[in-house]
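Think of it as A, B, C and D in the order they're written, each chain with its own count starting at 1.
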Amino acid sequence: MTVETRVRRASWVSVLQRQGAAVALVLMVVVAWFGFPRFGSPDNLRDIALQSAFLAVIALGMTFVIITGGIDLSVGSVYALGGVLAAYGSQWGFLAALLLPLAVCGAIGLLNGLLVARTGMAPFIVTLATLLFARGLLLAITSEGATTYRIADDSAFLELGRGTLLGFGYPVFVALALCVAGGVLLRRTAFGQSVFAVGGAEHSALLMGLPVARTKTLVYVMSGLLSGLAGAMTAAYLQSGVTVIGVGLELDAIAAVVIGGTLLTGGMGTVLGTVIGVALRTVIQNVINQIGTLDSNYQSVVSGAFLLAVVVLQRSPAKDPDRR
Amino acid sequence: MTAPAPARFDRRRTARWLQEYGVYAAVAALLLFNIAFTANFLTVGNFRTQLVQAAPVCIVALGMALVIGTEGVDLSVGAVMALSAAVIPLYLGYGPLPAVAVALVAGLVAGAFNGVLVAYLGIQPIVATLALLVGGRGLALVIADGQLVQVHDPTFLWLGSGDVLGVPVGVLLAGVFAVVVALLVGRTTFGRQIVAIGGNRVASTLAGLPVKRALLGVYAICAVLAAVAGVLATARLSASDPADVGLLMELSAITAVVVGGTPLTGGRVRVLGTVTGALLMQLVAATLIKHDLPYSTAQVAQAAIIVGAVYAARERSSR
Amino acid sequence: RESPTTTSGTGGPAASAAASQVAGPGCSREAIGYPRVDVKDAVVGFSQSEKEANPFRTAETRSIRDEAARLGVPEDRLLVTNAQSDVNKQVGDIKSLLDRGAQLLIVAPLNSDGLQPALEAAKAKKVPVITIDRKVSSEPCGDYLTFIGSDFVEQGKRAAEAMVEVTGGSGKVAILLGASGNNVTTDRTKGFKDNLPAGLEVVAEQTGEFDRSKGQAVMEQLIQSNPDITAVYAENDEMGIGAVTALRSAGRSPGRDVKVVSVDGTRNAVQLLADGAYNAVIESNPRFGPLAFQALQDFADGKGIPENVIISDDRYDESNAAAKLGNAY
Amino acid sequence: MVLEVVDVTKEFTGVRALDRVSFALEPGEVHALVGENGAGKSTLIKVLTGVHRPTSGTVLHRGEPVEFARPADAQRAGISTIHQEVNLVPLMSVAGNLFLGREPRRFGLVDRRRMNAEAAEILGHHGIREDVRRPLGSLAVGAQQMVALARAVSAEAGVVVMDEPTSSLEPREVETLFSVVERLRGRGVAVVYVSHRMDELYRICDRVTVLRDGRRVHTGPLRDLPRIELVSMMLGRTVGDLREHGATAFGDEHRAATEPVLEARDLTSGQRLRGVSVSVRPGEVVGLAGLLGSGRTETARAIVGALPLDSGTVLVGGVEVGSGVPGAMRAGIGMLAEDRKAEGIIPNLSVRENIVLAALPRLSRFGVVSRAEQDRIVATFVERLRIKVSSPEQKVSELSGGNQQKVLLARWLCTQPKVLLLDEPTRGIDVGAKAEVQALVDELARDGLAVLLISSELDELLDGADRLLVLKDGAVVDELVGDQLTQDNVLTAIAAGQPAAEAS
């Protein structure tokens, strides 16, 4: 069913379909570059990179989860929780600021993973519950959100969010390094292969003797860790553990992953696509800002329309089960 | 048979029973808890309040259950509620009936939009409806010029506060829809086709079922039900509030459906379970408020209850 | 030394209260070495925090635009962004305003914390920043120029006073809290509870998330489980109005057997007040435009700008509601 | 004994699939496991390989009791399996599937180049010369089966279990498989071999175990066991009962009408169908012969409207059919799909609902379905096709493969079609059921139904069809009628391989 129809399409159409996000990104950038004089300024480009970095780290974890055929709705809450914990932990120094959020967020990921892999409950509902749980935990440790932990001006931890190299913030490099590592992990390791296999045909993977439950558990742990790390970097960047961030972030991450060509039903996807999806989202937002006169209500209409345009553009025939 | 067999059998029976009746048991348990420990719980007014508040979620969840039965999901229901709420004040000048009709048509159009994306363009439901989730509320705000509008038409407001034979209109509607959807699923060709499509779409296509048409229909029904919920919410609030109406409704509705025992993998629709799921989540929320628990505790408790209920109702694989 | 500070703690408006209206010589251009930028010739950036989908935000943005127009700032030199309730986006928005050449910035922060990188970017470019409505927990006259807005703790306190007046100082109060994690919620709660006399007992505190329908739903629950509630304090008008609807459908008459006090001053609430279904509204004034531009001009002219400019909030009660209805937004 | 089970019982809710079965496997033997559909063969295999946990009883590996908690455990113990349904990952590359779980590494990372090269080589030995980087799902079913085989035997295994490995293979591939089995035997590997094809069993198996209704009824050497006795043990009927039948259960030629009811002209779809024309008259059985990938399935799919066509028309009774499957159905065409699991059954629905699915519109008034009517029809077909179910409300996914096939056949018969396209109708069906299905096809044709029969078993085609079209590379290369229907003629036609139109 996959290949059958694909063969029949003219090749440029198939390029457009497979690389829809990349094509859209290039188009967007070209238009913005010439349409808005400030778009191409180094400062603006650095901002775009930095803005993308946090989401990219989260979307990286989401990519793995989605390729196994799952979904992680808890990332937004876990991200916020990670930030608060990092700011809280920073009073005991750099390591505490980094390890506290990773430990707690990794544990929440583990909880997700165990519930999904061992009990056969739907990932959607498990992670929906942990979305609530993480938010509740966050509120509990901030006395219902009244307390905001700040990171002291001289804390070494601040560097993680605010340090720069060649003008680009450290988070950009962290995100890049993680994405490269993630790409290698996905493409070139046995773990990556079993991620694809679990998503493509779980039962078969089990019969082939792959560690299905472990693979599933691990991707959720990864997603939790990465969301926590993104939260920690955000806290370092914003210099405080802001309690109100991350609401609805899961949808941004999912949208970026899917726009990047990862199949929501699992079994297919790339890290590069996800990075492109994230960049596309940031660029679109930046362009909306450049236009400047857009009513705030129109902004979400435009975002929705863009999302739609990209998914329609790259609609892969593989997703249409009737076309056999 | 070896010795431990009877014990194992018993546990399996309990598990089966829980899977089948878990939601109902949970609702019963929560009711008992409240009767015992919550002040002023056993009053007509209180039950009325719970039912009235559960009605919109319940109506949306019924549509959602159908969509989930086809192995889909509709994230746009909240946005559709906003759209339906946004158009009401624009047409209320022509009378309540035209206004409601236009709101439902808005839902129908949104549903058809989703349906075309899913059925004819083959886009995955979660992404297709995500587009409308992102853009739909914005559109509603554009239509309403970003403003909350007070509604004064008494006939229209009756939908939110009126009674028929002592039953609030919204509750009555939810009940009627539940019966209709149950009949639809159990007794009609369309209903059986939905379940078959969710079970095996390729096989359904090859068996000559009108797969695309059925999918289109399902998304349309779901969105129209969401529009009905938007009308009810507007009437109850006596204001059209596109910025907030139906916010996060998609998650509440999906939770109700799944807690009610309908698997997200499609191929099965439990209507009574869905209604009960909506009631359960309503009772949980009410209990937490009535005991004046802080928001953080309430969230954690809800998470635990969702996991517990779904855990009990999950499909076990036999091996 | 990195002790956590609450937003309502030392850095918040509570400390400065109304007294700080004129605090010493203030912050002047020479002192911090910023260039002189006349408001009329400048590119002005305004970063709004959330959608203009509620009366407060609508009035706030309109006030900025109106004042800019009045001063003759051409339309294309007033850059406006909207962070859509996302702190990260607001940081990006402010930076992109700077990139696009904004020389003066007015920011309505989404949150007290988290704007630090954006403020530093402005500081690096020597662009003065005025925060309106919500005070940020950064360095005044350093990271930002001044804060113009209400004192939320004070608003809570005034609501408590109004509550005492309308109830006679005794009864059972339910509080409809704003969104969790929001410092407006924290401050309005603190100001209210700290100034409540012993006769007024708080029987429930539940969040209505600043939303009318949530406020209504929560009130419906509370009135069932605590039928003896005699007063409601809603932390914004929307929830207050929701509570009125809930009380009415439970057969109570809001304004009489259950007193309702809230904060904001929207037209709908004041209308209810005039109709007798409400008891008091503490205004939270969104008309920052004139004050903000005045401060920017003063700064350009070399005058000292105080650390906090507290906008005056009105109060609506049964006696003046009908007369002042036109003032409500 | 490399592998042994003692007194194993396996119960599913309400069904006892295995009842105190004992079974032992010696090194270097090829052990046939036979029985009717639903006898418990696959279940026994799943117990052996850690997919199912036995309700009671023990599994011994090299004399030691073992508990395989999951398939990975069994694999680690050197037991590799080809399951009845192809169990690979369709979206993954062919090479990826072959090496999944034991990829060649370099510096700790998967060495793709080596993996592809080795995969190409291994598959070459099995007669598969596809690009190994293609997604597996784009290969024909038979090729996928060969990949599964290659995967199973390329692991260092002491036991290889094959559950109906040949059901979707063509003769040439079957030969490859046999040579692989021979090699395994030579290496002292024990093979469990499940098949419904008697010829195969007698060719390669040393011993046989017969299961009936979940019980073991016989174990012993195969060579001296008369075929008819084996069948009688499987079916539980006396030898005398069975004597009358030949190799297949088809009768003589049918008396067909003169005017074709189905006419498909010039069906063309890319490279896969190149101008195929087929016509079938009422009461006639037309066979489609050809190698795997010759376009037989595509022809059937095109006729039923499930394959987008570049050109071509389909007429029923002289009238062009509507578009899509519903259009073809309205015209009276039904198709029994090749892949039962993916394209046939709706696993979560009951047997009843699966049977009436296609006929629903006919069974309902104003969209409301009549339950009594359904029950009547279902009862009729369960009886007529002898479908083994505990109740019509049983989930179809709990049935054995053969019974699922009968359910699907019933689905089409109850739409009262004029034309029935049968794509491998007896694949994976036991001898008894196979004879029943064949007799049924015969009977249907006698009643005036037009049947297009696709089968990989030449005997079935030669006996069953009145007329045979030979396909090659998506085109008709020959048409055989009456006396021409011989094995030699078919093979010659395939070998010659000029499309009929061009040849003449």
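One rule holds in what follows: a contact is a pair of C-beta atoms (placed from the backbone, for glycine too) under 8 Å apart; a residue touches a chain by one contact, two chains touch by 3 or more.
All values reported here derive from a predicted model rather than from experimental measurement.
Colleague: Count the C-beta pairs in contact for B-C and for A-C, then report the pair with the higher count.
Modeller: So, comparing the two chain pairs, more contacts are at A-C.
Colleague: With chain centres defined as C-alpha means, what is the inter-centre distance between subunit B and subunit C in Å?
Modeller: 36
Colleague: Measure off the straight-line distance from the CA centroid of subunit A to the CA centroid of subunit C, and report it in whole Å.
Modeller: 33
Colleague: Let me have the rounded angstrom distance from the C-alpha centre of subunit B over to the C-alpha centre of subunit D, please.
Modeller: Subunit B and subunit D have C-alpha centres separated by 42 Å.
Colleague: Please list all residues of subunit B that touch 2 or more other chains.
Modeller: 141, 146, 202, 205, 294-296
Colleague: Could you tell me which residues belong to subunit D and also touch two or more other chains?
Modeller: If we look for residues of subunit D contacting two or more partner chains, we find 51, 306.
Colleague: Subunit A: which residues touch two or more other chains?
Modeller: In subunit A, residues 1, 138-139, 144, 263, 295-297, 299-300, 323-324 touch at least two other chains, as defined above.
Colleague: Please give all chain pairs that are in touch with each other.
Modeller: A-B, A-C, A-D, B-C, B-D
Colleague: Considering the complex alone, what residue numbers of subunit C touch subunit A?
Modeller: 1-8, 48, 51-53, 79-82, 84-89, 91-93, 95-96, 98-101, 110-117, 137, 179-183, 185-186
Colleague: Okay, in this complex, where on subunit B does subunit A touch?
Modeller: 73, 117, 121-124, 126-128, 130-139, 141-142, 146, 201-202, 205, 211-212, 251, 254-255, 258-259, 263-265, 294-300, 302-304, 306-307, 310-311, 314-317
Colleague: What does subunit A use to touch subunit C in their complex?
Modeller: Interface residues on the subunit A side: 38, 41, 43-44, 47, 51, 54, 88, 90-91, 138-139, 142-152, 155, 161-162, 234, 237-245, 247, 285-286, 289-290, 292-293, 295-297, 299-300.
Colleague: Which residues of subunit B touch subunit D in their complex?
Modeller: Interface residues on subunit B, with respect to subunit D: 1-2, 5, 12, 187-190, 192-193, 195-196, 198-200, 202-210, 267-268, 318-319.
Colleague: For the complex, give me every residue of subunit D touching subunit A.
Modeller: Residue list for subunit D touching subunit A: 51, 70-72, 74-76, 81, 83, 87-92, 96, 100-101, 103, 105, 108-110, 112, 134-135, 137-138, 151, 270, 301, 306-308.
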